[in-house]
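Below: a set of structures, written as structure tokens.
The same chain A turns up in both complexes below, where it pairs with chain B and then with chain C.
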Partner chain A sequence: MRAFWSVFGKEILLFLRSFGLVAVVLYAFTADIYIAGEGIQVKPRHVKVGYVDYSGGYLANKILSHLHAPEFEKPRAFTSVEALHKAIFDKEIIVGLVFGSDFERSSYRSHRAKVDALIDATAAAQSFVTLGYLQNIVLGMSDIIFPVDLRIHKLFNQNADSKIFMSFTEMLSITTLLAVILSAMVFVKEKEEGTWDIMLLMPTNAKTIILAKALSQVLIILGGILLALGFVVLGIFDAPMNGSFWAFMLLSLLYSLTSIGIGFFIAAASRTIMQVAQLTILIMMPLIFLSGAWTPIYAMHPVLQKFSLLSPLRYYIEGSESIFFRGASILDIWPSFVAVALLGFILFVVGYRKIGRLF
Partner chain B sequence: MRAGVIRAYILKEFKDLARTKMLYLVYILPTMILLLFGYGIRLEVTHARTIVLDYDNSTLSLDLISALEHTKYFDAHVSTMSEQEALRLIKKGDADILVIIPASLQKRILKHQKAQIGVYIDGAYPMRALTMQSYVEGEILHLAQKLLAKRGFDGHLITINQRTLFNQAMRDENAIVPGLIGLIMLVAPALLAALLIVKEKELGTIFNFYASPIGKTEFLIAKLTPVFLLHSLNIFILFLWAVYLFAVPFRGSFTLYWLASELYLFVSLGIGLLVSIITRRQIVAVVLTVIITVIPGFLYSGILMPISSMQGASAIEAHLFPVMYYNHIVYDTFLVGEGLASHKTVLYLGILALYGAVPLVLGTLLLRKELR
Partner chain C sequence: MLQVSDVTVRYGKTIAIEDANLEARHGQIVGFIGADGAGKSSLMHAIAGVVRFTGSITYDTFTYRSPKEAEPIKDKIGLMPQGIGLVLYDELSVDEHLDFFSDIRGLRRDAEYHRYRQRLLEMAGLAEFGGRLAKNLSGGMQQKLSLICTLIHRPDLLILDEPTTGVDPLSRKELWEILDDNRRQRNSITLVSTAYMSEASKMDAIHLFDEGHIIARGSAAKLIDSVRPYTYEETTCEGCITFGGRTYSLQALEAKHAEPSLESLFFVNALQKGKIPPPITIAPRENPIDIPPVVMEAKGLTKRFGDFVADDHIDMQLRRGEILGLLGANGAGKTTFIKMLLGLYPIDEGELYLLGKRIRSYEDRIALKNKIGYMSQKFALYKDLTVLENLLYFANMHQLPLSKAKKRIDKLAEGLGFAQYLHSFPRELPLGINQRFSLAVAILHEPVVLFLDEPTSGVDTIARAQFWKLLHELKNRWNISILITTHYMSEAEFCDRVVVLKRGKKIVDDTPANLHATYPEAKSFEDIFIHFYKDAR
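Coming up: the complex of A and B.
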């Protein structure tokens, strides 16, 4: 037991002594998550609209006056269709409206009028939603009486607030990245310096040393999660916490052990830190992308869906999302717990054996 | 500048890379990211699992249900379960949308009274929630228009004649894959370059450099050339995947794409070099590089959100990172085809050159040739 604590303490001390590493881990768990949360607003916000008005009339102005903040910027007038085209090609304008010279006239005479809308579809999501807004505005201007009121409730996240979502998934991704890379580095650094074989040859049980090294990294990761959760996700972005905090921490603990199992594999397979870096990225990218952090799993390619069953991050994300947003209890989401624990157990045990072998 | 010295050093660096079996990773990594992200990210929502509770059972409600059933966007199932049960299914993540058609919907509409249709959408993925919402709204508005046409409507009607530019089919691949090239060409070379010098520092072999008569510039040229050459090939590999596998149209000039990518490669190498010079441990270098390249490379690149609609801090950050300038050019060459005719492209090309030069010069200045 004394050997365990001294190795444990040594690793924590080594971590704390490396100023750069502490700074980077702190940055990753705070500022980086903040940047990811702030970076994206999926709702159309400040969409740049440009228009050319050949009709010079009241109706066009009335439509344009409906395009207001915060969804749209004040529409910019262009003198010709060519100028508008150029602005769209330069990505200064996302939606361009052209009111033809007979727009107003035909609206009064034949009760039918047409607006030409040019939409930059490289921003596919925004243009889709913007189009919906436009259609609604135009429909409201027409004399249609359609007495159905659509009551739309977005469950769990009524305003479709992407800040919470993005910061949350970023926190989980950062956790994975750091857990894998830190635990692999702890071993490979010794390998590179040639001290690992000496460690294994020491008269204490090699298993104790490996376990102490691994668990010291778990402590660092859990500390980081608490920091990120307290300051950024719950603090700045004010995420809802509908479920139990301890359920989440338990899941996080299980998950960190799983990630460290992956770290073992990488450590066993590589001799230099350069290899660790490349291998980590090689394994992390699929892990994160197959986990449903960015797209829900059932929306993926069918083959990728099968692969995603192997990603422990998938169960971690499913579980913690249910805890946070849907307020599920442990009993509701026990499959996530079991899956993380099972994958973790396999990875940990096999990786443990691999890294414990001499040379 | 002594060509002989540089050549010898480059040879040594190549051998180093080859011995660590890094060479194949240089080519596997970018391709793998492109395939995964290209197939993995879907912005369009298809087959949303929809539960319809029909309390009305009228022709109108049946029209509505068949409208929902006959698009690829929804997998609608009419069910007789209770609202609580249906909401629970959403809670467990087994359904996405719940549509509740109240009793007497048809009756009220025929009498011109207000009726309500309740729609519940799983909001856990904000982007999908918004998209699904606009689909549901669109579907019901469309139905309304059809109904009005049947009744011989005679009021003012303004229609939108929509034309989508650059990505007429609204394919996700077209919108995402070119942006991914910008992400990959930032991350992969930077990651390799970041370890070049710090590795020697940690192993102590940097003393060879301190003690040898090789100059700082010569050293850097020798260090960066192998990475530059190896990754230059990726510019073509990624292009081939995008055009032939993902069938993204290519409308601009290939020379422009190639030149801009080589410039961008300098930017990426410069970032890696700076990281390598300021850090002392490899692990710090790796984590730092991943964090400062992956997040901006993805979020501030214009893939998910157009740069022009960013505001405040995020707009400033987007302009600080080099990704958006390169991505503008890449999207231009793939989907738009304006090329150098647009002043913005020329300007951005200049900015990229600046971004490429500054870290390299800064790195040369910061690199010391003696012990700290």
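Coming up: the complex of A and C.
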């Protein structure tokens, strides 16, 4: 037990003394999550629109007047379609509208007017959402009597605020990334600095050393989660907290053991910190991608959907979201707990064996 | 003619070399001697025009004050940096290396070029290995290849940073022959640094480096003359230093004068600076124990890495209270052997007995871990823990009761002379202090056998002398057995018995006295071992 606490204490002390590492962890759990929440926007913002108006009429102006801040910048007039093309090519604007000379006439006469819209499809999300806006504007101006009215009821995230979701999933992804890196680092640093051999020669069994090292990193990770939760997710973005805080912490604890199991694999395979970084990125990218943190799982290719069942992060995200937004209790979401615990147990034990073989 | 005036090299706040002045003429070999961190490499890099410096350097008529200004004469300079095989590429063959270095220098491949290239290959003994990949060459061959790659563009100013460190004595001799031949044929200026005092006799002028200053210069004979008045036969006195059978004192002593060596210069320099190393004391063992007459016995120990045999059927015995020196060049299999003894590498073949017990399994070792002390290469300890924190951590790992551990740490810190550094971080301390503090870590739990892996490499002369004294003190007080590896052949002198490894095979196993008796004409151990190396070839 004494050996356990010596190693545990030593690792915490070494962490606190390495300025760079502390800075990275603090940044990742605060500023990075804030940026993810604040910075990634799917709604159009300051979209640059250009137009050519051959119709010279009232209707075109009326449509254009609907394109206003903050979604759009004031539309710029161009004299010819060629100039409009060039502006799109030069990325001066991403949407160009062409009102033909018979636009106004045909709209009054036949109700069959047409506007040509040129969009820069490389800015896909922004330009397609802009297109949706345009359709709405046009639809709103014509009095079509449509037999169905869509009435929307927003559940769980009433303000439909993507910031909360983005910051929340970013926190969970960061937790994974740091748990893997930190737990691999505590081993590989010893290899790099040459203290590995001395560590092996201590009359302490390998189990104690490995567990002490791993659990010291769990403490750091859980501390980071609290920081991110308190200051950023709940503090700045004001996320709802409908479920039990302790249920979330328990899930996080189980999950960090899973990540640490992955960290063990990486530690066993790497000799330098550089290799840890490379391997981590290699493993984490598919893990995060398949988890549904960036794309909803139902939108994935069916094969990838099957693969996503293997990503422990998927269950962590599902479970945590249920706790926060749906107010679910442990009993309601036991499959998530069981999945995280099961995958965690397998990864931890196999990873432990792998690193233990080096002892 | 090379003239260096007031050159200072700084890395951030640390001054690597300060106000260095030196002159070298064409055809001269100028040697730099000193410990790691004394400023040799920094001065070499400044002259080669690869680091920023203040002051000025004049080569023939061309003066430069920065790496940029040095650009026009770079094709006249050949620099070989420190580290075995550092300039080589593992996956290129000997011929491909020469092609590559010729191409980046833009050499014309005429008949003269091929004649010169062939001569270099023959001098280096590499003519028949043209197709062999660099990674399959021995350390000595790698260094010879690096040297001829540096020579291929016929530099007039040759700068070689420790080309011989860690290389076997025979290859070292051959390296010096190439250098000597080159300076006679080409009349070039050669600057060469070395960790071996015995190589000083091959230099025309020597510069001794200590803590960023050149403390003495001149020919070997002149330098030795300068300290003769301060060198006496071994005696005891106040305010002097005694080591290796000689006593150094600034005051006149009753004793007879002794013949000094180049190393004496460092001792006299320390005396002149008033830096007398603190005396070393070892307290008796707290827990006396019975030690069997044979502490470790290896029978036919073998370790293979793929096709490569790192240690080939090695027999060795380590007796109670014996200092056994395990000597050999880099890559001879010393570290691998120690790691097998410690159980850090599995044994592929052979039997190992530690303290009379056959070691077969992991469990056997666990039981013995408290009896073994180990100090790894480069004194690896936790850099972000203070000296005291490091010691306490290891005491905890050895389950020493806290109050007892604290007392023992104080005693060791006092006795080994690092008590005032207990609250410093290892990286802030000189190498010599780190070396003694690492030893304290290794003996904290009072082991009966101590394995030391290259504890003296890179450490300055005085700290090295201190360390050897410490080991003898430890042996006498604790009756401990010590297995120590080193690539300094001259340190054989301080061992009770020496074993020399060459490419994984044992070629010598004898006492220093016996070896001297067998080869009475040899001036040093270096010469003795060259006999064995030649025979084993």
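The criterion applied here is as follows: the second predicted complex is superposed on the first by the 342 of 359 C-alpha atoms of A that agree within 3 Å, B and C clash if a C-alpha of one lies under 4 Å from a C-alpha of the other, contacts with A are read in each partner's own complex, and residues count from 1 in each chain.
One rule holds in what follows: a residue touches a chain if its C-beta (ideal position, glycine included) is under 8 Å from a C-beta of that chain, and two chains touch if they have at least 3 such contacts.
Computed from a prediction, not measured in an experiment: that's the story for all the values here.
Undergrad: Could you look at A:321 and tell me whether it touches chain B, chain C, both or neither (first, second, both, neither)?
TA: first
Undergrad: Applying the touch criterion given at the start, work out whether A:14 contacts chain B, chain C, both or neither, answering first, second, both or neither.
TA: Touch partner of A:14: chain C, not chain B.
Undergrad: Under the stated touch criterion, which partner chain does A:35 make contact with: chain B (first), chain C (second), both, or neither?
TA: In the superposed model, A:35 contacts chain B only, not chain C.
Undergrad: If you stack the two complexes on chain A, which partner ends up touching A:290: first (chain B), second (chain C), both, or neither?
TA: After superposing on A, A:290 lies in contact with chain B but is clear of chain C.
Undergrad: Using the touch definition from the top, say if A:91 reaches chain B (first), chain C (second), both or neither.
TA: first
Undergrad: For chain A, which side has the bigger count of touched residues, chain B or chain C?
TA: The larger set of chain A residues in touch belongs to B.
Undergrad: Pick one for A:3: touches chain B only (first), chain C only (second), both, or neither.
TA: Touch partner of A:3: chain C, not chain B.
Undergrad: Regarding the shared-chain residue A:200, is it in contact with chain B (first), chain C (second), both, or neither?
TA: second
Undergrad: Can you pull the chain A residues that chain B and chain C both touch?
TA: Comparing the two interfaces on chain A, one with chain B and one with chain C, the shared residues are 18.
Undergrad: Okay, in this complex, where on chain B does chain A touch?
TA: Per the stated touch rule, the residues are 20-22, 25, 28-29, 32-33, 36-37, 39-47, 49, 87, 90-93, 105, 108-109, 112-131, 133-134, 136-138, 140-141, 144-145, 147-148, 153-168, 170, 172, 174-175, 187, 191-192, 195, 199, 202-203, 279-284, 286-288, 290-291, 295-296, 299-300, 302, 304-311, 313-314, 317, 328, 331-332, 335-336, 338, 342-344.
Undergrad: Which stretch or stretches of chain C touch chain A in the complex?
TA: 339, 342, 344, 366, 369-370, 372, 374, 376-378, 380-385, 389, 393-394, 396-399, 441
Undergrad: Spell out the part of chain A that touches chain B in their complex, as residue ranges.
TA: Against chain B, chain A makes touches at 18, 20-21, 24-25, 27-28, 32, 35-36, 38-48, 59, 63, 73, 86, 88-94, 107, 111-129, 131-132, 134-136, 138-139, 141-158, 160-162, 165-166, 170, 177-178, 181-182, 185, 189, 192, 271-282, 285-286, 289-290, 294-296, 298-301, 304, 318, 321-322, 325-326, 328, 332.
Undergrad: Mind pulling up the chain A residues that touch chain C in the complex?
TA: The contact residues of chain A facing chain C are 2-3, 6-7, 10, 13-14, 17-18, 193-195, 197-198, 200-205.
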